[in-house]
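Dumping the structure here so I can ask a few things about it.
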Amino acid sequence: MLSVHLILFLAFGAVAVAGAVNLLAQTHPINSALSLIAVMAALAGEYMLLGAEFLAAVQVIVYAGAIMVLFVFTIMLLNAGVEERTKGSRVATMFGIPGVLLGSVLLGWVVLRHSGTEAVAAGALPGAPAVIGQLLFHEFLLPFEITSILILIAIMGAVVLASKPPSAPARKVD
Amino acid sequence: MPIWLYILASVIKSAIVLVVLLTAVAYTVWLERKVVGHMQNRWGPTRVGPFGLLQPLADGAKFLFKEDLTPPHVYRPLYIAAPLIAVIFALTSISMIPFGNSVTIAGYSIPLQVTDVNTGLLVILGITSIGVYGVALAGWSSNNKYSLLGGLRASAQMVSYEISLGLSLVGVLIMSGSFSLRDIVNSQGGHFWGFIPRWNIFTGQFIGFFCYLMAAYAETNRIPFDLPEAETELVAGYHTEYSAMKFAMFFMAEYANMITVACLATLLFFGGWNGPLFGPAILQAILPVFWFGAKIFAFLFLYIWVRGTLPRFRYDQLMAFGWKFLLPLSLANVIATAIAVAW
Amino acid sequence: MTPNLNLWLIPILPLAGAAINGFLGKKSSRTAVSTVALFFSGAAFLWALSVAWRCLSMPLPYQEYLAHWIRSGSFSVDFAFYLDQLSLVMLLVVTGVGFLIHIYSVGYMWEDPSYYRFFAYLNLFMFFMLTLVLANNYLVMFIGWEGVGLASYLLIGFWFTKDSAASAGKKAFIVNRIGDFGFLIALFLIIQHFHSLAFTQVFERVAPIASETAGAGLLTTIGILLMVGACGKSAQIPLYVWLPDAMEGPTPVSALIHAATMVTAGVYMVSRSHVIFERAPIALTVVAIIGTLTALFAATIGITQTDIKKVLAYSTVSQLGYMFMACGVGAFSAGIFHLMTHAFFKGLLFLAAGSVIHAVGGEQDMRNMGGLRSYIPWTFLTMGIATLAISGIPPFAGFWSKDEILWKAYQESWIYWLIGAVTAFMTSFYMFRLLFMTFFGDYRGLQVDDHGHAHAAHGHDAHGHGEPHESPWVMLGPLVVLAVLSTVGGLVGIGNRFEHFLAPVFGSEFPQRVTEGSGGAELLLMGVSVLLALAGATLAYILYVSKPYLPQKIADSLGGFYEAVLHKYYVDEIYAAIFVKPLIDGSTSILWQGVDRKVIDDSINDAADGARHVSDEVRHMQSGNLRSYAGWIAGGAAIVIAYMLWLGVSR
Amino acid sequence: MVPLSYYLVLSGILFACGVVGFLIKRNIITIFMSIELMLNGVNLSFVAFAAHWHALAGQVFVFFVMVVAAAEAAVGLAIIIAVYRNRETLNVDQVNLLKL
């Protein structure tokens, strides 16, 4: 019987897959970006189903609200147009894509065949913010601090990379 | 409570909130015109109805019946989607706002809130952060340099100030220990020495409130941070090419956002619906909602007051203010609060 | 609750000195370098003294645990120190004599350009030697063992720009390797059979084993292998050849490392392992025979040498032979006693010889000396005392310890005693020969000019005009102290006090092989050996003072034999012919031309060529196109997934 | 009740879509978005496994992935802007100077 949980799973999953496929199908990057936002929103829904409410919120705020805004911003800034149809790599089409398909089919087969039928209940593992916070600031304190340093470095790197190379400084005449 | 009753209650609540919100939006516009008019030694709208009170209706009718113009060379799908995105997310976020304690009708306790989510504050932040797409996409899809500049400014500004906005709330979250807006309000009950209310703004979150206020002005693109639609530079910014109902949607989104922000400020820093309760039972039930509305009104008035008083920043000033002043300040507030609470 | 002695301070202090001088010395003044070196070695000595003082009032052995080192299953090795009467004696000898020689070196090395390097090495040596002495297990001891070898190598080759010094260093190192090989195998056997390297545990597990009188067994093997190690370090037949060459090092080094301390490490190790040796009579006999033969053999060579330091070197080998003889007959405490007195008088002899060399401006050949008595009276006086001590003239130190050994040897077998007595005679003869050739007669030296390696070390302006001159007091001071010790140091052995002191180490479980012999026999033997010593001295006086033409005549009449002895029985040449030349030839023709060129070089070249050819083809994969890279990754990942699945399915 | 495998298959589909996007798209920004899609696919399986094994660490990992993705996006987009400034194109097929 289709439970509410399964229906919601399928609905969100359908949105996610449709978004992902649309990402591939669209030729204009902004459409791809919007499709990706849809995927992320749908995944936030899946997280909710699994009980990870904090992650769902963070997914929306960080991924959809910040990272993807950066993408859209870049697309707007660079005025990226419709994709050109250049002749690219033969390796990618002849070797890569069959590889991906083969790999996913194999993995899917294994997962469906061997992972058993244990079901995951809706909200099986409540990831309340307080619990996640406890984990983050106790057991994962060091990784947390390291990622904060990583982020700081990334900010500086982004500023350095994206800022215009300074024109040769005017030589001071004494 | 049976499920159908629950759904019924939700639908009714949604309808009420939506009607009230839209009305509030309309009359905020009226209020703004009126107040700013008086500040500038004018009368504001006076012709339609007493004190121009029916002016919003007239405006609505005008927007509905004007020609909906789609300029050539715009990217149509997004050009149409952008105002929808803006208004939908602006209206959605209000659904998390509790506007009073629960009332008991026919034996069922019904919270005065469309949806009560544990992580209500996070959800609001998430929805607000999605709202930026409306502005950004509008600017980009209009295929107009003023719009594009407006859209770019808007997205950069909103992403930048979202950090300060979030951080300014962390102080409150540390003190209340919950993401649930209802819990946050409840944690602000009581008084110091019997007369000073135990609102967060009086318990050490003044700097947090200041940061929140600044970031909120920037998030809602209001003066003095209204650079995305700076008339003197960008014609009308991201909605230069919009007209009629699509323009009205942006307009509504902006004011709905203002109201949401005001609600949040009230809930987080000013004790929500807490206030003196007196009189008969029916008055006791209504008073909290009244106090809540009165505080929101005060905030909206502040918005308009600021708009009538302050000039607009330059764009580099805006960015410098956000990154070099507001962000460190809100971080310091977080640290200070954390130390105070831990100690 | 035993008090904490902080033994770790004793080795660490010289190490700190070595580190400071090694890293900072180059920029520092000589005064600063010598202050650091003297402070740290002196502090180690003082700490050792305080440890000794506190040991009087506490039960020994004392163990000090520092850190885990190796943990492998039930087998473990710790960094730990062990202090009993034996290591206490060694500790005092090493730090005390070491400190004196540090002081001496300040004067001796003052002019050397690598002053700081010398003291860094010297302190490093102290660190390793103290580690060796204080170790509580064989492996830590082995660290010290190898470390002193390293320090010895560095110091022998201290003047490494001189070819002979560099090759002498190498020779010492390589010959020691052979001994270490035996030592290591012994350690492996101990690990395999006793599952531990800690002295206490090993000896506990050895103790119940019955003495292997019937035939060679495990303990005999271990004992002989340990003796091989000891032969290398302590310069016994057949591995003694490195020690005479080691005289290329600065004289204080010869005194400290190659006379007083390091070369006695073998004796210490054998004594430390006495529990094993006592249960392996065959090994013990091997030790005794090697020791006896070495003593005699080296003494005969010593008679013919004319280089003052070479004489002393062979004398050292000979005296070490005595100590092993003592160990071999089971008189470990006598061996350690002789070790101690030997450290005093042989250290003194070397330092005095250094002073002589210093006086005549780097000359080492005794034929170019003579008559120095009046020029350098203090050196003469102290050296005379040392000569009396080593010759076994009572009441000097050497008499007591040597007599003890001879007495114990006699109880084992009269042959040992006979050879020992003959050796004692020869010792007396060549030592007095040295004394007479150097200090008596007329000065045969040239006016000192700027030749000789030692010039670099101490060519200060006094050498410019040829008069031999007395050394500064910073050098004479240690001489005097050691002379006093050489005089009175043997008195601790009167009435077997020294033996009793060491009894907790050696005596407790050692079956009393030495029946309390009749005092008469002991006195008789004592008299004989003193007479022999006096006879040797007299003979030397006749040959080198009153009738100086005689030695040449005797040498001529002996003909080939004299030649053989003069050339040290051609041992170096024999070794060169048997071992070195085949090794070099084999290496050249097989290893170099065959293996290295044909196999290794060619395979490397072929591999490189192959790599270049392959990459020439493969580099086309590097198209620079991002998507083709991604394609490779994706396809490769698919292959990996398929392979893993296949593994899973096929299992 | 939804079997774990459904979540995993969904995650796998998203991941495969990301890889295919990486392979067939030419616009560097879209390619970058494909990477984000892959990360999202993996995140889903993290959360699903977390629920399956009752180990909250899975959710914490997702949090870290997001943080790293944010850092990566910042730097990556900055690189894209720098590339565009130098090469005036966003087509990866035309940015292939790094070869032999």
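We just call them A, B, C and D in the order they show up, numbering each chain from 1.
Criterion: contacts are C-beta pairs under 8 Å (C-beta built on N, C-alpha and C of every residue); 3 or more make two chains touch, one makes a residue touch a chain.
A quick note: this is a predicted structure, and the numbers were derived from the prediction, not measured.
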Furthest chain, CA centroid comparison against chain B: C
Higher-contact pair (C-beta pairs counted), A-D versus C-D: A-D
Separation of chain A from chain D, taking each centre as the mean of its C-alpha atoms, in whole Å: 5
Between chain B and chain C, centroid-to-centroid distance (C-alpha), Å: 89
Distance between the centres, which are taken as Cα means, of chain D and chain B, whole angstrom: 33
Distance from chain D to chain C - Cα centre to Cα centre, in angstrom: 68
Two or more partner chains touched - positions in chain D: 19, 23-24, 26, 92-93
Residues of chain C engaged with two or more neighbouring chains: 623, 625, 627, 630-631, 634
Interchain contacts, given as pairs of chains that touch: A-B, A-C, A-D, C-D
Contact set on chain C toward chain A in their complex: 623, 625, 627-628, 630-639, 641-642, 645
Touching residues (chain side chain A, partner chain D) in the complex: 3, 5-6, 9, 13, 16-17, 20-21, 23-24, 29, 32-33, 36, 39-40, 43, 46-47, 49-52, 54-55, 58-59, 62-63, 66-68, 70-71, 74-75, 77-78, 80, 83-89, 92-93, 96-97, 100-101, 103-104, 107-108, 111-112, 115-122, 124-125, 127, 131-132, 135-136, 139-140, 143-144, 147, 150-151, 153-155, 157-162, 164
Touching residues on chain A, where the partner in the complex is chain C: 88-100, 102-103, 106-107, 110
Chain D residues within the chain C interface of the complex: 19, 22-24, 26, 28, 31, 92-93, 95-100
Residue ranges of chain C in contact with chain D within the complex: 619-620, 622-627, 630-631, 634
